[in-house]
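The following blocks contain the structures, represented as structure tokens.
Below are two complexes that have chain A in common, paired first with chain B and then with chain C.
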Partner chain A sequence: MESISFKPEILERIIPDVSLERHLKIGIRSNQRLFDEFKNIQILSQKSSHLLTTSYIQNGNTLVICNISYGITELLGGETPEQYSSVYPTLSISRGRSGAPTDEEMNLSQKLYESTLHSRILPSNSLIFKPKVMIDDNLEDLDTNKQFKFNLFVNLKVFDRSGPLFDVCHFALVTSLKAVKLPVIYLNDSFVKLSIDNLLAYPDAELVPLRLNMEVPLVSSNFGLYNLDEKNLIICDLENESEESNIISKVNVVSDGKAFNEFTLINGSLLNITRDEIKSLLRTSKQRAKAINSV
Partner chain B sequence: MNTDRRRILGPQDARIPDLGISTNANNSMDIDPAGFAAEKRSSDIQKMFMKTNFISNANGSSYIEHGDTIVQVSVFGPRPIKSSFIEQASFSVECRFLPHLKQDDALDIDGDHHSNPNGRTGLSYTEHKISSFVESCLVPSILLDKYPKSTIDLHITVIEHNSESTSLTNLVNWITVASSLALVDSGVEVRDIVTAGHIISDGQHVILDPIEPVSKRTDCLVCFMNLKNEIVGIWVDGDLDNLDTAIEECNKMSRTIRGNINSYLLST
Partner chain C sequence: MLLRTSVLENVDGSAELTNGRTKVLVSVSGPIEPKIKQELPNLASLEIILRPSIGTANTRENLLTDKLRSILSSLIIRHKYPRQLIQVVVQVLSLETDAVVINNFENTVDDLKVFNIEFTDIINCCYFALLDSNIFLYESFIGVSQSVSEDKSIINTPELSDLIHSKSHHLLVFSIVDSKPSKIVYADSKGEFSKQELFEVMDNGFKIAGANFTEFRQLVEKKIEDDFVWKQEA
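So, the complex of A and B:
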């Protein structure tokens, strides 16, 4: 019988668990990154107009296009909104198919919605406004008790997925939120009734930056924990099928470089995770957030 | 009632407002009444940027920037199909605009362009029209019988398009070029690279690759396989008095684009 040899990338697809263990035993990763090395993340371009904010974010080879548009709703009498709001994200990953969203797309959208809400970065009162009125080409305050609210619709399009997407999508979302500028909304004097159908965005006034409860963008970092020879190995920024499917103890930390906003631990392989290991993860994620925000 | 439970679409009654009319004259778009932009001669083709092979999980990919237009195309295939044997590959094209982009028919699922664009699931009329045109242009160029029991899928994403400054036909022109480039990048065997040319004409003047809105003029887009000078698709909007001249001018433009593609492919 002849032995068959496979290239490393083929072996990774056939027996990902063996491929991962072999790589880790000799102290390397299949993507050639160090255990504590993250993929580079950067904003390629960002622009904001009256109706839309667009950001292009690159993370390794993955490209995310994030568009934030808005819709207006009327706050009904007596309605007191929650102190903090969230955005309404929809996400699609380009992978050569179309149709209903996949589980990953739905879960990520939900996670982004909840993360934005619970990290309390978007105060509701920064979205609530009273419209102006246009009289003889001048904008004036409108004497009304009616209040309206901006609702932010986020669309994320992901190209070239190579690993877990929460980090890059979260970064795309928060950096885009930082760039959002809202227009002055007014009622034209030709309309008599004040309703959302008659409101217009004023094209000549300067756009107003969205007020956020966030000085610098929050940065999400993911880590995998893998048991190798009775020792826990910490692997930063999981990538490739072998790491993603076989490392099932995962930690996700969201930080702005000074404090922590979110900490998620899923101990799928029931590892004995020590306090020092968690401290080390937190320290790394803080340093990473600091480094990204200092650029 | 909003019945889509798989997407987080927000309040159903949220309305996207229209942009009011600007009172500042400087903000309005200056349109040259003669149809010639100051810095562009009628025989010029605008600069473009092209890139291939930048999406690793597709078999082939391309990216084209041209004026206000950005198009990305991915080719997935040839992939085996599960159903019964077919003698040649089936080829499908799906074109989608990013949800916020204004299309010519600009109607979403509810027939209202003021509602959340993220809720649109199916293809719009414009997207259908573009998909079927590109498909019919590319099918003659692909050697489908080389790939039995397979499928080749082309996914086009229109990332940016300004429907006020660029006509739909001009967009389709660059979609066709990008699709052809992605097919070459995928390694699927083709007879020839399909390139296209687009003109507008007012009966007297012909402008190649126009950058102005094209109201009251005739738009003509012709797609070629330049090797044997074969026409694989024609799209005409309006009345065209002289089709021969239009085809000739489109051919000139498609040959220039083909020359650029050739030198790009040789240099990569």
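So, the complex of A and C:
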């Protein structure tokens, strides 16, 4: 009987668990990165107008386009908004097909919503406004008790994904929020009634930067924990299907370089995770956040 | 905490857990025949359905289902049931936020719901339902929730008002070996916290998980006593 040999990339597709273990045993990863090396993440371009803020973010080969637009709602009498707000994200991962959102897309959108709210980066006050009124081509303050609120809609498109997406989508969202500028909203004097339908964005007025409760962008980092010869191996920034699907003990940390805003640990393979290992993950994520924010 | 097991007749195991204003009902059916697309050659597939107390399931429930799947799939010995299906259905019966919904502050309730106040009870109720269904588990498990207030004090099993005013909140799931917490199976910390605070919460979680499991053990002992039909005559 003849033995069959496969190229590493084919072996990775047919038996990813064996491929992963063989790579890790000889101290390398199939993506040629070091165990503690993260993929480069950068803002390719960013621009804001009175209708839309767009960012292009690249993380390894993955490209994320993040658009932030806004809508307006009226605050009803007696309604007291929470101290902090969130955004309304929708996310789609391009795979050459269309249809209903997948579970992964829904979960990522919900995670981004919850993460923004719990990180307390978006104070509700910075979204609440009183409209102006246009009288003879001049904007003047309107004497009203009615208050309105901007709702931020985030649309993320992911191209060429190669690993877990929360980190890059979170980075795209947070850096885009930093760039958001809100327009002056006014009521034209031809309208009699002050309602949402009659409010307009004034394109010629100077845009107001969105006030955030965040000095530097929060950075999310992911890690995998893999048991090799009775020792836990920490692998930073998982990539490729073999790592993503076979490393089932995962940690995600969100930090601004000083404190932490999120820590998620899924110990899928029931490893004995030590305090020192958690300390090491926290230290690495802090250092990464500092390094990204210093660029 | 109030627990009832074997509350449903047409499933393999079920449990109803009442903790304060939160009431959860979990059923487990399995191992049963899967649909062809669910079948895995060497493992049992896990189907989890989570239904909220009010309205229909949306992305929030979808994410909770995903989290629950990651916890349960690491604790159920799925190799024992190859090519079969284990179906876990979680029905939340009542929640602390329901009172807010009734008062029609719908925008506010969306923000309150993200605290996932019922998730710890769902995890604990799943444990009892899985025991009731005799599904093999690697280890027992228990979920505990804590919050850290602005003055840095830790609150065990926080209520909604504690969560709203907290600086950070934390959900931890521990596996249990010999009635003692063994490993962290799942951790979800959100808010703003330091490394020291995180470790304090983990240490405190470890203690309260041990203490709470003593109560769990008594409930399990009582269940076994009630279920055991062949009793020795005095």
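Simple rule for what comes next: the second predicted complex is superposed on the first by the 295 of 295 C-alpha atoms of A that agree within 3 Å, B and C clash if a C-alpha of one lies under 4 Å from a C-alpha of the other, contacts with A are read in each partner's own complex, and residues count from 1 in each chain.
Note that contacts are C-beta pairs under 8 Å (C-beta built on N, C-alpha and C of every residue); 3 or more make two chains touch, one makes a residue touch a chain.
Fair warning: this is a prediction, and the values are worked out from it, not measured in the lab.
Return first, second, both or neither, reflecting whether A:M106 touches chain B, chain C, both chains, or no partner chain.
Both partners, chain B and chain C.
In the superposed arrangement, does A:L270 touch chain B (first), chain C (second), both or neither?
Second partner only.
Where does A:I10 make contact in the superposed view: on chain B (first), on chain C (second), on both, or on neither?
A:I10: touches no partner chain.
So, does A:L44 touch the first partner chain B, the second partner chain C, both, or neither?
neither
Applying the touch criterion given at the start, work out whether A:H118 contacts chain B, chain C, both or neither, answering first, second, both or neither.
After superposing on A, A:H118 lies in contact with chain C but is clear of chain B.
Taking the superposition as given, does A:K279 touch the first partner, chain B, the second, chain C, both, or neither?
second
Scan A:E262 for contacts with chain B and chain C and give back first, second, both or neither.
The answer is second: A:E262 touches chain C but not chain B.
Could you list which residues of chain A make contact with chain B in one structure and with chain C in the other?
In chain A, residues 106, 109-110, 113 are touched by chain B and also by chain C.
Flag every residue of chain B that touches chain A in the complex, lowest number first.
Going by the criterion above, the answer is residues 6-11, 13-24, 27, 54-58, 72, 74, 76-77, 94, 96, 98-100, 114-118, 121, 153, 155, 157, 159.
Show which residues of chain A lie in contact with chain C when the two form their complex.
Contact set of chain A toward chain C: 79-82, 85-86, 103, 106-107, 109-111, 113-115, 117-120, 248, 259-273, 275, 278-279, 282.
Which chain A residues qualify as touching chain B in the complex?
On the chain A side, the touching residues are 50-52, 61, 65, 67, 69-74, 88-90, 94-96, 98, 100-101, 106, 109-110, 113, 134, 137, 151, 153-155, 157, 159-162, 185-186, 188, 196-197, 199-204.
Within the complex, which stretch of chain C touches chain A?
By the definition above, chain C touches chain A via 59-60, 62-63, 66, 70-71, 73-75, 105, 107-108, 111, 114, 138-139, 175, 183-195, 198-199.
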